[in-house]
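In the two complexes that follow, subunit A is the common piece, with subunit B as its partner first and subunit C second.
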Partner chain A sequence: MKRANRLITILIFIFLYIPMAVLIVASFNTGKDIAHFESFTWNRYIELFQDDGLLNLLANSLIVAVLSTSIATVFGTVAAVGIHNLKPRMRKIAMTLTNIPMTNPDIVTGVSLSLLFVFVGTRMLGQRDSLTFWTLLIAHITFSLPYVVLNVMPKLHQMDNSLVDAAMDLGCTPMQSFFKVTIHEIMPGIVTGAIMAFTMSLDDFVISYFVSGLDFTTLPVEIYSYTKKPIQPKVYAMFTLMFLLIFLLMVISNLLQLGGEQRKTRSRGAASERSAGRIVKIAVAGAAALAIVVGCAIFIGNNGAEPPVVSEYTMTELPAGPEESVTINVYNWGQYIADGSDDSLDIIAAFEEAYPNIKVNYSTYDSNEIMYSKLANGGITVDVIIPSDYMIARLISENMLLELNFDNIPNYQYIDETFRNTSFDPENKYSVPYTWGTVGIIYNSKYVDEADVTGWELLWNEKYTDKILMFGNSRDAFGITQYMLGYDVNTTDEGELTECAQYLMEQKPVLQQYVMDEIFGIMQNEEAWIAPYYAGDYLTMAEENPALSFYLPEHQGFNLFIDSICIPSCAKEKEAAELFINFLCDPKISAANMEWVCYSTPISEAKQFLDPEVAESEISYPAAEKLIKASSYAFLNPETTRTVEAMFMEVRNSR
Partner chain B sequence: MKKNNSVLLSTPYLIWMVAFTLIPLCVVGFYALTDPATGKFTFDNLKNLDAYLPVFWQSVAYSVVSAFICLLMGYPVAYFIAHQKPVAQKFLYMLVMLPMCMSFLLRTLAWVGLLQDTGIINTFLGRLGIGPISMIRTPGAVVLGMVYNYLPYMILPLYSTLVKIDHRLVEAAEDLGCNGAKVFSKVIFPLSLPGIVTGITMVFVPAVSTFYISQKLGGTETVLIGDVIERQFKQGNNPNLGAALSLVLMLLVFVCTGIMNRFAGDDEEGGVIV
Partner chain C sequence: MSKELIRLQNLTMEFDGERILDGINLYINDHEFLTLLGPSGCGKSTTLRIIGGFLTPTDGNVLFDGERINDVPAYRRQINTVFQRYALFPHLDVYDNIAFGLRVAKVPKDEIHERVTRMLEVVSLRGYENRKINALSGGQQQRVAIARALVNEPKVLLLDEPLGALDLRLRKDMQNELKRIQQATGITFIYVTHDQEEALSMSDTIVVMNKGRIQQIGKPEDIYNEPKNAFVADFIGESNILDGVMLSDYRVRFFGKTFPCVDKGFEPSEPVDVVIRPEDIDIVPPAEGSLTGTVASVTFKGLNYDIIVEVKGFKWLIQTTDFHPVGAVIGIRLNPEDIHIMHKSEYSGQFGDYSSYSAEYDELTEDAGDEEE
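Right after this comes the complex of A and B.
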């Protein structure tokens, strides 16, 4: 019986620790795939310490956790003392209030707070960015408070009240008696409450995810968007270091407690002392090892980074920047700007180098609809967005874009004639084309029979059940069905749309999952074999896995899209945003950017700087006869858009 | 301390809690009762909820199953820890706490790497000549994710109650002729009931509302209520329907935890927590 119990415990501990071991091993892997260990490297740690963004996020998390915990601890302890002395009925009410955030699911707390902040901030006070650092802090204090109160209350109950009375009899004021007597008695409760509040705050994802805006986010929120994109292994390195740190902190705090107890009962056997001694040795060795690793990494990290020299990277003369320092929020698709990896040019770093007074705060979305929801929900400031054609038309019709001042964007002259006076922005007032491309089917030629690759119906082929992916956004998903059925992609006919929804519903059993940016990893490691996606991203994937092929259903039709840079009406730094747009339109910058992004540039001038292989690629720049049946999505009308979105939600939410 | 002082000390707290827990819930109610397009008062959001009934049921079923598996797995562990020497108890307690402090997103992602068709387990099985077994994107994977993530929430409260059980009671039962199984069913188990209830609540609540676990480990059919709420807010651009769903989820959780607490008998305030 006892032995069985021990065995079960050991097995369950293994169960608890295996995933963490996987992550720690992955931090030493040269390959990017967590499931396949290629060879050993320390480089992830070096990359981690070169990445200011990631370290800033960690600092953000710590700032929020420390501030919210200290405020909640003081506030909560005071409140607990107050509540303890309240009349029973009031006390009951107070405890019920305290228990609400404890029993409420995190998602409800997050949703309710974000709605409150947007409602009060934006609707009532008319502020643009109501989701800021302060609202995040309020949210963290709110969910931390109950931990403190609920841990202090029992200690107050246990406390012998005659102690306080004695202190008062001896001449203490109530204040003095609190600081001289009460606080010592309830200290263990305060400490436990504070520790719990701190860990909850540091690791909170759900509430922060709903409450944070774009200016200030914490590490877990950003990790969530990392896990949607192909994850960068340096995140595993960070995990490993945090694991070691927390492990050490716990061991040390345990030893301190133990030491305290031993001082009290010194007589109790040497056995525990010996094992404590062993733990101390392990802890010290661990701390030393950690310090060495971190020290080396910082040393190498600081030596490794070289700032880019701007003049080499731009073709044009850049207009002067602002005199005072400003921050712009750039909100872009994931994997949609060269970030310095794989020997590319880090575009944002280059821009900040060119304009030392402009700081770029960069965040990503993975579909037009997510971007739209974020803007429409309100509460945030965004200065630059890069939506697609139909979404631009929608944003224009809803007065959500600002007219651009082209004096600040001289590089607009390089944009090709074909990409001007587009249907979504006929007067060229609101948008500057960034990239264009086609949507086709990516398939793995190792597993997929060429004979089956006949058109969009491949995505419904039962032969490949569970190996097919589908777009996780409504417009692309409906578009594919419409091309397959031969309907107009810009139809507003409810009957046709309902039929499409039915087809999507029928597709569900053969699908593995709905994806957006998660697609990269899944296709590259062959977890799935067939997926519709953007041509540019196919090129990125094919670099990693040459077995991947791309197919354009020319006979059925396919989407030709233009993604353009815009400034939404909630922008604060319009001029700096325009300078950023201008920078992106520099032919040399565009070439460097497209070299990594792999999408097609709307600037012919840029092609001379591109690798000839890329510039002549059939996939990036398909011949005109291939594009006969290509069409672009238009903004339908608010009513139909809502219907399509609701239908798609229904498809996804049904089981 | 004087009574008026206590009012003075507790009032700011009460105001804060009303402002940031009760009022936000009223705002949720307000959104739930307005039309997304026109902003007018409507019951439509709530009326349309019956379409989501299967999703609610599925969420409840998954989290109840997970909570019971957690109980079955957590009990022996908590029992084992509670019967170690104090130093070992502290250390083991710490080992249970530690995973809770690490990013649960990444830990769940590690399970994707373990379970997927081209993942670690299947690669290993492939070497042994056993063909890929599909594990990920099944209901089992979602339950596994829940059990893995929330098991510590079960172990810690169980341990806290088990360690407090007076050993003399066990001895008394033995003296009176109870065998091991009887001691457990008559003495230990009833005394650990508060811990069981707390543990089940602490597993059930986050499990019923999760969206990340089902997004990463579930398939297209495993849609949980958390997913639906998240999607309504983050991409469906229909916060009103999302608010209505949140409201129902909240009620569901309150009812379930209310029922659970009846089982435990009326617990003293603050009996919760590790």
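Right after this comes the complex of A and C.
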């Protein structure tokens, strides 16, 4: 029995710590693949400290955490003292009220704070950007406060009240007696509370997500929108450092509590207390050292980066910029613009270099729908967005886009005919194509017989049962079925949709799972052999696993998506935004950008600057005759959207 | 005596509608050692906390040197307190605890050092300057607490059951110590205790309290010898309290017999409480006694025996050095000066009958034991 208990305890610890161990190991792995440890390297850490973007985000997170923790600790301690001095019944009520926000689901807190901020900011103060760094900070203070109160209260409770009387008796005013006596007695509670507040703030995603504006985001929020590219190994290195930091803080907090308890038992002897004190000191020193190292690295990293020389990177003459300095807010998909990593050109830095008077505030989203809801909720100013085709149609229909002034976008001339007069913006008034790509089938040529690769039906082939993946979103899943059956992908015919749902139901037994961005690892590691996905992402995967092939079912039709640059109606700096769009359309810039993003450029003129292997690739740039049956998704009416959603949910949830 | 320092006028205190203090009137002289004595819940600590400034009375006045100080906060009163559980600051060492008040008052460093050192001398704690509070014994902590209060040279020192947590031996030593310090410094001590023996041996003046009211104020001897009512008689020492009738001056009748006594000034035939201290009773052969009784129980107490004697259905406590076996018939002789007469009060009939061996009796014998040492 005893042995079994011990075994279970060990298993639980393994279960709890294995994920962290995997992450730490991965951060020292030379290979990008988590599953195979190739050899040991510090390179991930070096890469991390060279990545300004990531370090800035980390710095943002730390700034918010430190500020919110400091403020919450002060207010929380004061509040705890106030609550402690209430009559017992009122105290109980106050404590319950304090605890509720802690047990409240984060998402409820996040949404309600966001509503409040937008209401106060927009309606009462008449601001355009009501969601800013300050709202983020206020939110973090709000959810940190209860943790401080909760940790300080018991210490106040344990404290001998006559200590305060004694201090006053000896001449202290109430304020003096708090600082000279009470604070020393409750210090362990304050420190524990502060550490908890700090860790809560550092890793909060849900609440931050709803209350942050575009000018300032924290690390977790940004990482979440890393959807256009797989997470890079340097991120593992950063997580490892964060884990170590939090681990150290937790050790300190536990030792402090231990020290406090020992002091209470008194007789236990000063020796153990002293050793606990020493461990605390070591731990504090460790945490401080780690913080200093990270801080220095950020500092060095920031100074080490050399600004790009613009003249070398643009092909065209750029129109003159504004006289006054302005800031534009660019809201884009995560990992959807070259950022200087992997020897790419830092597009935003180059733009800022070209237009010293325009500062770019860059923030990201992870889906069209999230971007839409952020805009629709209000409270933020956005000057540039890059939505997909169907979302543009929707934004236009809801008057959420501004008409572009093409005088400021001379480089529009380079956009290929194919990408003008699109179904979603037939008069070319609102959008400038940014990238485009196709959806095809990625398959592993080691395991899949070429003879079977005949069309979308490959995804239904029982021969490859359990090795097939499928899109985890309704639109693409139905779209594939519609192409296979020869139906219109923008249909509202319920009969056709029901038939598609039946086909999807039949596909379920052969599927391994529904995926979105998890697909990278699964396909690269050959855990699955067949999956529909974007051509651009195929190129990223093929770099890791050359056995992967791409097939475009040109005879049946496939989705051709176009992500375009638009200016939403909440924009404040329209002209500067147009200059930014123009900059992105410079063929040389577009080429540099696409080399990193791995999607296709809608500017043929740009191909001359691309790696010829890419420029001539049939996958990135299929010949025009292959595109005859390709089509884009249009915006379905809400009712059909709901029907499709519901049908797909039913398919996914069925057994 | 010297001049008046503190006066409490009609002091009333209520908590949540419950009356804790009910019209306390009291004056305290400079250099006096005054003890507030009473059972727990009698209001003595509340009175002390009001004087210290930790509580504001519901009604009535606190005067200090003739000035009303009801609204003066604790930190501006020239009064310091020794708390029941010492309330030493655990994050400071002995020296810093004692220096605390002086530092708050921004006394120059040299002077602090000098005064703290002197105070350590007074409480015999030289060499303990840098000890942690938690590393001290109860008695040492007690002395630090006293030093911490006295170093500020207050006009008045309040002591709230300061010896309650100490064992008997230490308590005795500290009683002498406190008395010595009080006499040496000349500071007015207001001392709260429920231990009558402590009160009797240390105080200049004792204030006996019960149920929020003062029962009697007086010198220890007066309180012991001339208790004002059955409560005081019972609380201070031990007493057999009998119903009697004062026939005329110097003549009291109880148990169907008339006894000569030394009291006078009562109404003719006034019903009274008769107090007879157990140690004052002489045991004589039955024929020689004015009353006779049968020994119901005997308890050996070291110096003496506690004998319960049944006299006409009433049980007396008698303390004697001679042994009398259970069942023996003995005579009781009462001298006139051993009989104390009190007016009837609300406490009449509640105390002074040893008819049952109650917890109360046990408690009282414990105190009596102390007294005999």
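Definition applied: the second predicted complex is superposed on the first by the 420 of 655 C-alpha atoms of A that agree within 3 Å, B and C clash if a C-alpha of one lies under 4 Å from a C-alpha of the other, contacts with A are read in each partner's own complex, and residues count from 1 in each chain.
Following the convention adopted for this analysis, a residue touches a chain if its C-beta (ideal position, glycine included) is under 8 Å from a C-beta of that chain, and two chains touch if they have at least 3 such contacts.
Note that the coordinates shown come from a computational prediction; the quantities given were computed from them, not determined experimentally.
Visitor: Name the contact category of A:106: first (subunit B only), second (subunit C only), both, or neither.
Guide: first
Visitor: So in the superposed three-chain picture, is A:171 touching just subunit B, just subunit C, both, or none of them (first/second/both/neither)?
Guide: Once the two structures are laid over each other on A, A:171 reaches subunit C alone.
Visitor: On subunit A, which partner touches more residues: subunit B or subunit C?
Guide: The partner making contact with more of subunit A's residues is B.
Visitor: Now for A:59: first (subunit B), second (subunit C), both, or neither, which partner does it touch?
Guide: A:59 contacts neither subunit B nor subunit C.
Visitor: Tell me which partner A:163 touches in the superposition: subunit B (first), subunit C (second), both or neither.
Guide: After superposing on A, A:163 lies in contact with subunit C but is clear of subunit B.
Visitor: Quick one: is A:184 in contact with subunit B, with subunit C, with both, or with neither? Answer first, second, both or neither.
Guide: second
Visitor: Could you tell me which stretches of subunit A are touched by subunit B in one complex and by subunit C in the other?
Guide: Subunit A residues touching both partners: none found.
Visitor: Using the touch definition up top, name the residues of subunit A that touch subunit C in the complex.
Guide: Residues in contact with subunit C: 160, 162-163, 165-173, 176-177, 180-181, 184-185, 263, 266, 270.
Visitor: In their shared complex, at which residues does subunit C touch subunit A?
Guide: 52-54, 73-75, 79-81, 83-85, 87-91, 100-101, 104-105, 132, 134-135, 148-149, 152
Visitor: What residues on subunit B touch subunit A, complex-wise?
Guide: Those in contact with subunit A are residues 1-3, 5-14, 16-18, 20-25, 27-28, 30-31, 36-37, 51-52, 54-55, 58, 73, 76-77, 79-81, 85-87, 90-91, 94-114, 116-120, 123, 134, 137, 148, 151-152, 180, 201, 205-206, 208-209, 211-212, 216, 219-223, 226-239, 242-243, 246, 249-250, 253-254, 257, 268-270, 272-274.
Visitor: For a test of understanding, state which residues of subunit A touch subunit B in their complex under the given definition.
Guide: Residue positions touching the partner: 1, 5-6, 8-9, 12-13, 15-20, 22-23, 26, 33-36, 75-76, 78-79, 81-87, 90-95, 97-98, 100-109, 111-113, 115-116, 119, 138-139, 141-142, 145, 147, 149-151, 153-154, 157, 164, 174, 178, 196, 199, 202-203, 205, 210, 219-220, 223-224, 227, 231, 235-236, 239, 242-243, 246-247, 250-251, 254, 257-258, 271-272, 275-276, 279, 367, 369-370, 372-374, 376-377, 466, 473, 508, 511-514, 525-527, 638, 642, 645-646, 649-650, 652-655.
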